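In order of appearance the chains are A, B, C and D, and numbering begins at 1 in each one.
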């Protein structure tokens, strides 16, 4: 692996050089938090930020996305292909985007997602310390880069180490002056940063994440779901902020003449009461407990079965936004304890 | 909407006990949606016009019913209109007017009108839906102008306006608001029906519940969240009482 | 060759592991409804109308019995509707039987011949009718369930020589809710199909069986191993019908159902139709009972 | 005077339109003598004082703004000032500016609504802005455009057009962003042609001639055209601190009506745009003073129909004031100030503002953070006696013109006052003919 070295003093100039021809997104401060919004004229992203409110997913899968412009005889799909760059993506979110690529790319591919995604270059940033108390990326194996990436930066103090993962990434460095090949001392700095970093992150799951699918498979009838369901507000905050949630609703907007308009998709959530309700009023997950369970099973089991990738990347956003403190770490650990206790009991019975 | 031979549907606006802020928001909606005026024919809108016709298909009603005369007038409107739509919190669930249901009528009258209280004609505060059948609701205090425009579109398409069935928190997330609980304020968003674009939290205030309870609202859990953030039972009641008095009475019954 | 409307082509096996099939030439967007015209509308019961749909030149539906399409009234929305006619009778057009229950279905009911609607699909997996050959077929739809099943029944009747006995047990709430009664009469007249009807509540004119659909099962004898049973109906019906079918000894793999879920995309993305790890729209809506039995959320 | 004809006249305008709230005009003459001449309020009473009682002080302004959707910012501001004075909350200059800016927005909105939508149709003999839109669409489109800017101004400050969200005791929960203010400034500047056209429009519209001496009351404060706080000033001379509001706004039972009216030294007094102009014209922005000149409004004016003209003058003032305020806010730089905290949990305070329709008082007693007493005195309530006095003076002058003309003139007179009856119902009794 060869790295290049970009002095921090050059970063803003680099960002400026990307403006022509790209829409730029990155973590921007707003009301004391950060969001991946469009970087305006004269603005620069924050490279060192705690986790963003919404994940960078919102750029490639906007909360409200036009699918069609319709009018009698003139209905056209709205495919957005303008080149964009997302700067400053944490590694957990990189893993989440890798899952999104699979969900929207496989089976019947979703051209709307793909058009936007293919026109987007991802620039990651290595996390050197936990972004919030809720992060459990180390347990979920997302503390380092996924296989595929475009560009990735690691903070070395005065400089960034730049790792190039794709031609798309390479292309962004095209006109950049002041970039040099990493030397031995740089590799030394990088190694140090990485090994110091590792120790700063706690393992927060009491078991190995690879056991998660089987743990959840045996926990389907756990009484924990009832308890969580009683507390859950069914507010959908957890799923709205999740970088791996992909569910959506489709709505039409029409003009007052009732002929022309737009069809849009908007984020939806399995935690909401009507999500699985069909005509006639039958709701396939009428209880909050069933909905909370569905969410955690989707995160820890179903997505893994379908794509071989975990449906939770340990970003901790859901934990941070849940007013009744329903968190993946607590939930998974509680289920694990239940299993250990159950096993201990049956061992006792057996002996 | 069925107007005779494809003509524009005729709509009329009426107000009862209210601040008329919802009608004002209708005027706002006309500012941003000039096409509205082409799509419908307004035949009665006392706040903005003198002309008055009693031939209409859609009646938008603002305000609560508080008097016997209101009841008669409501029934007359119901008799003429094909569709009756409750406009705003006062019509939908009593709104702030319902805040007085915890006090006796005599006490309320006496406090405001003193010795002359006896001459004041007023009764209990009622949402219009408990006086006449209502076909659709546009909640909020005031109503949201976009929702009003969407509702008119729905009516023109011959269907009832549909309301979000999820709580305000969902919209807060989509707007990337920092939850006001994190800044030490209380919020009723987790139990309140969305559709306002989480406007109060967006402006850094807690949701006051003006759109009514979301279906399946988990009130006991909300109360424990409020308690965790320093609101004792009385303070929690105070905040729920601003708009939700009538709904809570119903919910708890 | 007539291009097919199906955006991704047919997949084999579980949809989640299907390989990516992307035909950019043919399909710009899986969400773009094709404008199709209504060639005919026929009221068939109080709340149901049968629509005959014609696709624009050069396109044909090429569906399997049990598949569905997304039907759009642009500006109102889209609803998943099963194709009610059989591929064997497709002939450039197909039929949809729509019950008026809400926004989109009401808007559809207001449309007249010559007007257009949007069509996407066909989606999902239908009934593997080729695998049914050589078997006795027992159809047990309830209510609107006959609409999707009609496609399969027509197919079976059109290839009648491939199948053994063909039995239809059909129930509805009351006589006026029985669908396709004229067509059922023509089936009866063929003489090669055993038909039993029932209604939960009868009226003066009703001379037939009164009772829920399960009261029809004692009337028939089947060779369980050689019978394929296909049932489509409201969620509550399945549990009871399944009990009857299993009680008759029909193997789980021989019992087929079509499941209904909320659906917004038809292509396994929107998440609404997910039952445990399975997507109803892609992996179904037709399933054998053996396939869905392990799924806690299926029934 | 032309009262020679001994014709009996009975005017009963049921549900006076194009005013906020419900009012009826009743006029009865017999043998040329005026028997009854009343403006009745039939709006359902809403009992805000009773509802305010027992509320935590933080909620008071949110509840108070629901008294009236048209002057919600005024009610909220008066409520906040009452609470702040009761609990000794010191607000910063930035908060004062932001509040006044929000106030300008509401003043603009209300005056545009009144002048364009409610009065202008009268002056061209049309029933409504909807009818006006058919004849002169450009006028109505302009009014809607101006109203939108006014509403947007309120929305940037308070969160939405009516019922401000972020205004709170001690300050603002959310401080607007500099970009938002810059954009507003740009739009306010771009509105100059609309403002000019408005002035020209009202310069060209004929107003009925009528004059009656009366007392005028408004807040007055040093250095600015008072909208928020100040002292109570009268055209008859004298000024009073806000705490003495009851000395000026004396609630009285008058003989001819069972309604409670307010009066001061004379039989009645006027509040609102004309009163403010007459008392504070020296403090108007120079452009507004020039507008007054252009429109012929002078401190000698005693014609209530000219309230609309005073509103147009205030409209110009509010545009200019808003620009000045934004400019200062931007020059000084916006600070993220958390709302100031109360110095005590109990106390009594009066807040007063110049609502679009006139002086508005909120008076609260608070004990341990909870309101124990509340009194609100609303502009229209103060004007009612004056409106009736005007009606009594006007009817004999026009009686000979016939019922239709009398009705029209009276309706126009009442509308000129821009009565906001929904707010005044808390203090008026309701009576049926």
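FYI, a contact is a pair of C-beta atoms (placed from the backbone, for glycine too) under 8 Å apart; a residue touches a chain by one contact, two chains touch by 3 or more.
Computed from a prediction, not measured in an experiment: that's the story for all the values here.
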item: Contact-richer chain pair (by C-beta pairs counted) among A-C and A-B; value: A-C
item: Euclidean distance of C-alpha centroids - chain A vs chain D, Å; value: 52
item: Between chain B and chain A, distance of the C-alpha-averaged centres to the nearest whole Å; value: 38
item: For chain C paired with chain D, centre-to-centre distance based on mean C-alpha positions, whole Å; value: 65
item: Set of chain A residues in contact with two or more other chains; value: 254, 258, 274
item: Sequence positions of chain C contacting 2 or more other chains; value: 75-76
item: For chain D, residues contacting two or more additional chains; value: none
item: Touch relationships between chains, expressed as pairs; value: A-B, A-C, B-C, B-D
item: In the complex, chain C residues that touch chain B; value: 75-76, 103, 106-107, 110
item: Residue numbers on chain D that touch chain B, as the complex places them; value: 15, 17-22, 43-51, 53-56, 59, 62-63, 66-70, 72, 113, 117-118, 121, 127-131, 133, 141, 144-145, 147-148, 151, 158-163, 165-166, 168, 173-174, 258, 260, 422-423, 426-427, 429-431
item: Chain A residues within the chain B interface of the complex; value: 30-33, 35, 37, 53-54, 63-64, 230-237, 240-241, 253-258, 267, 269, 272-274, 288, 321, 323-324
item: Contact set on chain B toward chain C in their complex; value: 157-159, 162
item: Partner chain A, residues of chain C touching it in the complex; value: 7-8, 11, 15-22, 24, 27-33, 35, 74-78, 101-102, 116, 118, 234-236, 260-262, 264-265, 267-272, 274-277, 282, 296-297
